[in-house]
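What follows is a set of structures to go through.
Shared between the two complexes below is subunit A, which has subunit B as its partner in the first and subunit C in the second.
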Partner chain A sequence: MNELNTNITTKAEKEISVIKQIMEDSRKAVVENGWHYIYWGSIVTAAIIVNYLMVIYSISMYAQGMLWFFSMPAAAIVEGIIERKREKREKVKTFAGKLINSLWTGAGVCMFILGFAGTVSGAYSANMIFPLISIVLGSAYLISGVIQQVKWLSAISVFWWGGAVVLLLMPGMHSMLIFAGMLVCFQILPGVFLYVKSKRELATQPA
Partner chain B sequence: MDTRQAELEISVIKKIMEDSRSAVYDKSSQGLFWFTLTAATVLINYLMAVTGIGLNFSGLLWAGVSIFGTLYSIRLAKKESSKIKVKTFAGKILTAIGIATGIANIMFAFSSLVANAFDPFVIVSMNSMILGMAFYILSVIQQLKSFKILADLWWAGSVFFFFMPGIHSLLFMAIMLAASAWIPWAEERKLTKVN
Partner chain C sequence: MTDFNYHEIDDVIHSRIRTAIMAVLISVDEAEFTFIREKINATDGNLSVHLKKLEEHNYISVKKEFIERKPVTRYKITEIGRKAFEDYIKKLESIIKR
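Coming up: the complex of A and B.
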């Protein structure tokens, strides 16, 4: 009887440790995601600045379209390669990590539709891409903050939506620069903050 | 660790996980209600536009539906909150998805009707696009295949109606809204019966 009890206890302890591990893994996967914000924020900001210079130097709309058509899928492919390497190294795919992936993949599809289908079909002018993408980003940040359990990340959505209203009501060439500024303030900087925070948290966690 | 203590802890953790899952399904009654109500209203609006009958009352129809929907939704929420005492993680994510999608759709309407960014018919494409994102995340949370298929259909419809905007986009919207409410519901029931 005693032996049976000991077996049950050992099994129970093992199960609890597995559940604890899952929960800790989940947290690690979530806090490590800061680099996505920095990666996409930097690439899109760089593309916007190049696009802005193309407009100033009167380079054709076709060339401007091609800039986005090639740079965004290329950035997505590079991200996919980096992600695959990371997954191989980490081995475990957590639920929270899957949620974040699905959220930003979904948001990426939306931005792709807005950037390409919307403009190619002539549904709106190119200047309108920025406020419309800001609306999608606002929604994505609100959900992201809840998944990552970081309240200030959800609060950033207010700035994205506020910026969208400003860009909608005052469209023009400057929309590009305002949007680039928004990317730096509400995407790259929060990404850097999350990255630094996650590094600190991982450093303090026991191996 | 004491055997009883260990068993208790496991049962608590199991309960938390089950609560989480049931909270997702309980919350879906709100989605079911709003999607069905909106599908019916969009369909009536479409028929009004196609036949030309009662088109002047279109605004009144939406106002009435909004008031009724909100009141019934509050009643439903009160009923649910008395049943579910704990706010679960999955429940919080679902609420966030609902709020984020709702605000985005309002802002798309604002973009068209106030800022004149695009033709009002394009609003359907915008709504479809953001609903595609919502259903894509839901496919991971609820782990139902139908959500993933619905997400793809919303996105395909969005792209299609960017190129072919028009009155018939409302019919697409009505069908998709009804399908989005009832197909996952049927799949979930089927899975529950099997398990």
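Coming up: the complex of A and C.
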């Protein structure tokens, strides 16, 4: 009887170990290939440069507001269309993927509200928009890195928060350019790294 | 010490391939047939039979659709399936701890 019990226990242990391995492997399905980071990083950087030129050429604040009011929702719609097509082709939908989508949708809405509350309501100066957005981005990066189990992605939050402090302490027109530089370094480049990483992972997977 | 009672084991899950299917589906939100096949290294026919059995017991749900004119079948674990799988794992753990 003792031998039978030992046998059953060994089988149960093996079963649990196989189950754990399958679960871990399935959870590893790529949740983010970096294109969102590249897409939004490039669009917002381009909008900032246009906005900066508008300031230089003394184009009205109203026109500057409209630039953001139309370009950001339009970019979100285009992203939604691309994402819908991509989702349909995906072989697996993970909880991590759902969490990432919700996190960045929430962060995007927060940034949109912060951006427009500043310019329209006059609650705070337009110079404060970029540090506030940097704080939101820092938090989003921290959580994204944890969900995706990519430590360096979480570490980027420190740079966003550090940048926010610099922008808060030294407000001014140059804050636009500093923020654009932050976008290139802490959004577009990480996006490119993630993209390359996901391509490599896909190449090693069976067809 | 209580001896092992095989009646307590859920025989719908207690098959190597069905356990593997449940392990895949509990880890994701939903998965295509081909994804499950890749993860557990099963043949199409074998996998279909076991998926059907899990579906008949309402442990998994099926969604069939056409994407770019190709048929795609997606599977998702149900609440009944999730509970059954959790109970199955607890049972295995209790065997180990005995």
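Going forward, the second predicted complex is superposed on the first by the 171 of 207 C-alpha atoms of A that agree within 3 Å, B and C clash if a C-alpha of one lies under 4 Å from a C-alpha of the other, contacts with A are read in each partner's own complex, and residues count from 1 in each chain.
Throughout what follows, a contact is a pair of C-beta atoms (placed from the backbone, for glycine too) under 8 Å apart; a residue touches a chain by one contact, two chains touch by 3 or more.
As the structure is a computational prediction, the values presented were derived from the model and not from experiment.
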First, second, both or neither for A:I147, with subunit B first and subunit C second: first
Which of subunit B and subunit C A:R84 touches, first, second, both or neither: neither
Partner chain(s) touched by A:C110 [first = subunit B, second = subunit C, both, neither]: first
Subunit B versus subunit C as contact partner of A:S102, first or second or both or neither: first
Subunit A residues touched by each partner, larger count belonging to subunit B or subunit C: B
First, second, both or neither for A:T94, with subunit B first and subunit C second: second
Which superposed partner A:I135 touches (first subunit B, second subunit C, both, neither): first
Touched partner set for A:W161, first subunit B, second subunit C, both or neither: first
Shared subunit A surface residues [contacts with subunit B and with subunit C]: 5, 8-9, 12-13, 15-16, 19, 98
In the complex with subunit B, residue positions of subunit A that touch it: 5, 8-9, 12-13, 15-16, 19, 98-99, 102-103, 105-107, 109-110, 113-114, 117-118, 121, 123-124, 128, 131-132, 135-136, 138-140, 142-143, 145-147, 154, 157, 161, 164-165, 168-169, 171
Subunit A-facing residues of subunit C, complex: 1, 3-4, 19-20, 23-24, 26-32, 34-35, 38-40, 67, 89, 92-93, 95-96, 98
Touching residues (chain side subunit B, partner subunit A) in the complex: 1-3, 6-7, 9-10, 13, 92-93, 95-97, 99-101, 103-104, 107-108, 110-111, 114-115, 117-119, 122, 125-126, 129-130, 132-134, 136-137, 139-141, 151, 155, 158-159, 162-163, 165
List of subunit A residues in touch with subunit C within their complex: 1, 4-5, 8-9, 12-13, 15-16, 18-19, 22-27, 29, 88-89, 91-95, 97-98, 205-206
